[in-house]
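Have a look at the structure that comes next, please.
Chain naming follows the written order as A, B, C and D, and within any one chain the residues start at number 1.
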Amino acid sequence: MTFISDNAVGVAPEIMSALMEANRGPTMPYGADDWTRRIERKMAEIFEHEVRVFPVITGTAANALSLATLAPPYGSIYAHEEAHVMTDECGAPELFSGAKLRPLSGAHGKLAAETLDRALTRDTTDDVHQVIPAAISVTQATEAGAVYKPAELQAIAEVARRHKVRLHMDGARFANAMAFLNVPARQVTWEAGIDVLSFGATKGGCMAAEAVVIFDPALATHFGHRRMRGGHLVSKMRFVSAQLEAYIADGLWLKLARHANAMAQRLAQGITAASPHLPGAKLLHPVEANELFVQLPAATIAGLREAGFAFYDWPAEEGTAIRLVTAFNTDAALVEQFVKTVKDLAGRAT
Amino acid sequence: MTFISDNAVGVAPEIMSALMEANRGPTMPYGADDWTRRIERKMAEIFEHEVRVFPVITGTAANALSLATLAPPYGSIYAHEEAHVMTDECGAPELFSGAKLRPLSGAHGKLAAETLDRALTRDTTDDVHQVIPAAISVTQATEAGAVYKPAELQAIAEVARRHKVRLHMDGARFANAMAFLNVPARQVTWEAGIDVLSFGATKGGCMAAEAVVIFDPALATHFGHRRMRGGHLVSKMRFVSAQLEAYIADGLWLKLARHANAMAQRLAQGITAASPHLPGAKLLHPVEANELFVQLPAATIAGLREAGFAFYDWPAEEGTAIRLVTAFNTDAALVEQFVKTVKDLAGRAT
Amino acid sequence: MTFISDNAVGVAPEIMSALMEANRGPTMPYGADDWTRRIERKMAEIFEHEVRVFPVITGTAANALSLATLAPPYGSIYAHEEAHVMTDECGAPELFSGAKLRPLSGAHGKLAAETLDRALTRDTTDDVHQVIPAAISVTQATEAGAVYKPAELQAIAEVARRHKVRLHMDGARFANAMAFLNVPARQVTWEAGIDVLSFGATKGGCMAAEAVVIFDPALATHFGHRRMRGGHLVSKMRFVSAQLEAYIADGLWLKLARHANAMAQRLAQGITAASPHLPGAKLLHPVEANELFVQLPAATIAGLREAGFAFYDWPAEEGTAIRLVTAFNTDAALVEQFVKTVKDLAGRAT
Amino acid sequence: MTFISDNAVGVAPEIMSALMEANRGPTMPYGADDWTRRIERKMAEIFEHEVRVFPVITGTAANALSLATLAPPYGSIYAHEEAHVMTDECGAPELFSGAKLRPLSGAHGKLAAETLDRALTRDTTDDVHQVIPAAISVTQATEAGAVYKPAELQAIAEVARRHKVRLHMDGARFANAMAFLNVPARQVTWEAGIDVLSFGATKGGCMAAEAVVIFDPALATHFGHRRMRGGHLVSKMRFVSAQLEAYIADGLWLKLARHANAMAQRLAQGITAASPHLPGAKLLHPVEANELFVQLPAATIAGLREAGFAFYDWPAEEGTAIRLVTAFNTDAALVEQFVKTVKDLAGRAT
């Protein structure tokens, strides 16, 4: 399993303890419980802003419901062509919103402000034949493992404001991005114009917990109805909220993410060091969160698998490539072993 | 909380242990894990029939996805006017299926075969102005706490067959119904023509786990896509499946349901005994599962609340009524205390 | 064909002439033409109110698009259980709005203010499990051929206002209702709280033309997009608008409706006169527009068909019944012949 | 107006006569009339194949309903990035089908078989995260005025067959394509694997009439319900069918299209002759139907407008461009005048 995915791992012990703790006595269902109330308050502290928080149990639900809140059925939503909402949600954003998703390209999974500006300028019209540009969705960290810097997001926000479209952030790996950036959370969310954030926690160490964080209360009015209509209102909600509470308490989310990121950095470093001896070897994207996309000789990839490491092959323009994902509980010794194996294989290659 | 709802209680210890157990090492995500494989096999044993099993985390998701599998967008689905799919899912079945839900009335939350036959005969036509009858959804146990007997279901199945419509069972409290009936599960499912069952487990003692059980494999072909498109594919699926596994292992589901049912019976007995002294007091529906709907004098209701008992008021044709729900962990002593309080209040009333 | 339906007849000669006239030279497509501009002005005169007018070509499109404008996907729309939107549009209102349609009963196809008040009071809640009451749709004239009086509509409007829901009028036979009422159009539309009117013209004598008339401009903002998204924006729009223009010019619409209504009155009178000699014969609903629902002995019905008259059988609580529909061009001589045949059959019956 | 669009012109006199003719006496509504029956037979002759024919009144309705018939809600539909279904229907295909539209690029508005093969190979997977490739939509003639040759379509059909996806043809300008190709209609429809054809007639000279032509009867089973549910079942259907009947009788459709194509050819010839003297002037696409996309100096464009000619500006990679559309009734003298004006402006330019 080692580097397959951050959802192939289990649950952090702190989260498990919180679940045990939450299982004491009865409480009102559907979110009218203390855990749910507390996470709204705690999130407001983290973001230094009034927020409305809606726990759900999948990132796809968080994204699709968020986008349904931001775009009408005759509207359009811009996202990177490789974004999860675009390629990996089997049309959930379309089902929930009715809107049209418009793919845009960009390096390392990022949308550039100029790309968005060009697309929005092109697509803004009074002609009823065309859907109305309504929202942009950015992924933080991106599907390529890169992280938007505050200035990049602010440039996008400026474009959004000018074209009067809303901004959503898919933060399935928001913790990894924040651990990398080391800035206040507000700088890459509401200060950067984000209206709604899918705050991911499952990949970060929870069992099944994501939070939709809404920075503009007016947008939250009917979110509860949309969530219910999507079948996403968990009855024993405290057990979702308890996960989230433990995850964001005392900076656990950042601590776990820092570990995952550090393991990714170590892998990157080891691979880079060995690459002069591996023809064509290179990192396809900057390693800023907990994912690496690595072009490697086919023989090296085969060697790694023979040595017992697991990971996905990844499409590459040329040659062969793999994806490595680290997690909150990735074993440092295993990482060293991987690095050593790469080095050995590189030695053999030359 | 005491009698508020079976989702206001916590999680059975066996389920909690199973979650702990499942948190060992990595596994493939999205249901490609051993837990998920095992529950499909175990369900096949329980139902003595080949099944396809799809875990989800809410009953609404189970119902809405099941119905989407059974009815086209230009079709209609018949259900009791008080059914959960009709009144408590904020339109989820319509969102997922596109179909039209048609309410029918019937005593104790049940659909009668003749009522269905009449409606289906009336609504079957070649006229494209009308939606095409496509499915029936029955709730077992019903929203009124009653249980369909095998013969009642078989009569409905016969109507369904004759009119060529599919049959869905909302089994949010399937365990309570089975504990009451004490017949093989096949008799009230596929032998009674059920095509798809929403097998509830959350109310029965799980944290958040329901299973869509499909008896006709042809219907399962694209269920996985529909589930994903609804945002209902949990990434760390083993933790949903582990709950289900523990729940159905060694008859735990029936044991827990038997307790809840017994507590409901004891309440019913106590209330009935006291009712000659409580003007207008009566059980509004037969008590066959874990819910009671009780007409009581307003003063008695107030007295119960003063004594610390919690429950919902319930609409009644005349007078005042309440709903009492017992659960897998309802304290027998509390039940006795409730019965005693009713008796005392009855004494005072006369 | 004689009394089959008002859409089994052809097109009024004035409408045909208008189509010929409109076929001169080129014009901008999609409604940016003079005909479309003129009907908006003319409608404003008829209703003595600012209006936005959107021509479409079916009543179902007019209704479904109107309702989509008034109700969100998590909302509900109340209508009579026999209303066209409820039973004869194959789910179009649901497809276009996403909302849930809630059937209510009432005499002669009418919704009573008290019925609505009761339903809205029952259904208004903060509970996200339930869809939010959003709109009421009334049909003028009703499917039973009855006409809402201004006071009845005002009572409904008062209920709507109190419960903060919007009001739609399905006016497929609006002309027949207006011809019967003989009051200013404003009294039964915006003065009676109607937000959006489906102004029917096809049944009144056009070829295929209906107008969505919006009294609150704020509701019109994205109607054009919804119409396009439904495939209901006709490219050579002038030919739809030209029909509407001729239809509403110089009171043609009312003149044609008055004829249809008069023919219906004559039929009602003749049948009533003969009914003492026809066991069980009676009008099932007041005859106020151009439809009659008549309970008649089976032998009389058969006799009428033998005499060459065409009409639909209609469901009746007891005995046998038929529907008779008159149109703008119903031949008075044929009506007399029908009346005479009924009289003859009545003579024979006694 | 002259070259604005083929829907900015009126209706061919033969169509108008047919409408007059059809307005005689009553007939059954909703397509149970002789006109509708006759066009199905006539279409079967034209295509030399059994067909089911469903008249509608807009091309968007024809396309969206056709695609809904070919793709499930969790499916995807491939079309050219400039296709009408992709950019000009405000999301109607998505509303009606629920499916995801996937844009592909290609020269002159055409999809190449290899492009489709690559995309389908890339997108075919067992992973439920991705929508299932379900259909391809080709436009004949394309939005760029080019025409697929039989061999090109057969190559696409071969790809479709191999990947088990269905084929739709948007034939808004099918007549112009057929007039250009001069082959039997079967060669570019069912023989080339087309399952459903949107047979356009409005642009060709009708008032508002399109026909969905289904070559596989199994696909037609519920088309009637889908059409009704979309609000696209015209009650006085004979008036739509009468247009179609006149249009396809005695080859009128091809005769009208040949005129439009000839006018386009004459324009292309004139512009090409003048282009050596107009810096950068060129035809951006082959002129094969009734549309020209012409790059011209800004001064030339301004000069043409000053001379009274009307047309749309068109986006061009470099420089300035316009679109010219001819129609069934484009005046040959006007075309000559346009050509002369271009020549004069070219003279002045040098």
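Throughout what follows, a contact is a pair of C-beta atoms (placed from the backbone, for glycine too) under 8 Å apart; a residue touches a chain by one contact, two chains touch by 3 or more.
Bear in mind that the values here come from a model prediction, so they are computed numbers and not experimental data.
Taking the definition of touch as given, a chain qualifies here only if it contacts chain C and chain D alike; those chains are A, B. The minimal number of chain-to-chain contact steps leading from chain A to chain C is 1. With centres computed as the average of Cα coordinates, no chain lies farther from chain A than C. Per-chain CA centroids place chain A at a distance of 35 Å from chain B. Chain centres here are Cα averages; for chain B and chain C they lie 42 Å apart. We define each chain's centre as the mean of its Cα atoms; on that basis chain B and chain D are separated by 52 Å. Counting only residues that touch two or more partner chains, chain C has 30, 73-74, 89-91, 95, 98, 128-129, 131, 225, 228-229, 233. Partner chain D is touched in their complex by these residues of chain B: 30, 72-74, 98, 128-129, 131-132, 222, 224-229, 233. The touching residues of chain D, counted against chain C in their complex, run 1-2, 4-5, 7-11, 16, 19-20, 22-30, 56-61, 63-65, 89-92, 95-96, 202-203, 207-208, 225, 228-236, 239-240.
By the touch rule above, chain A contacts chain D in their complex via residues 73-74, 87-91, 94-95, 98-101, 103, 128-131.
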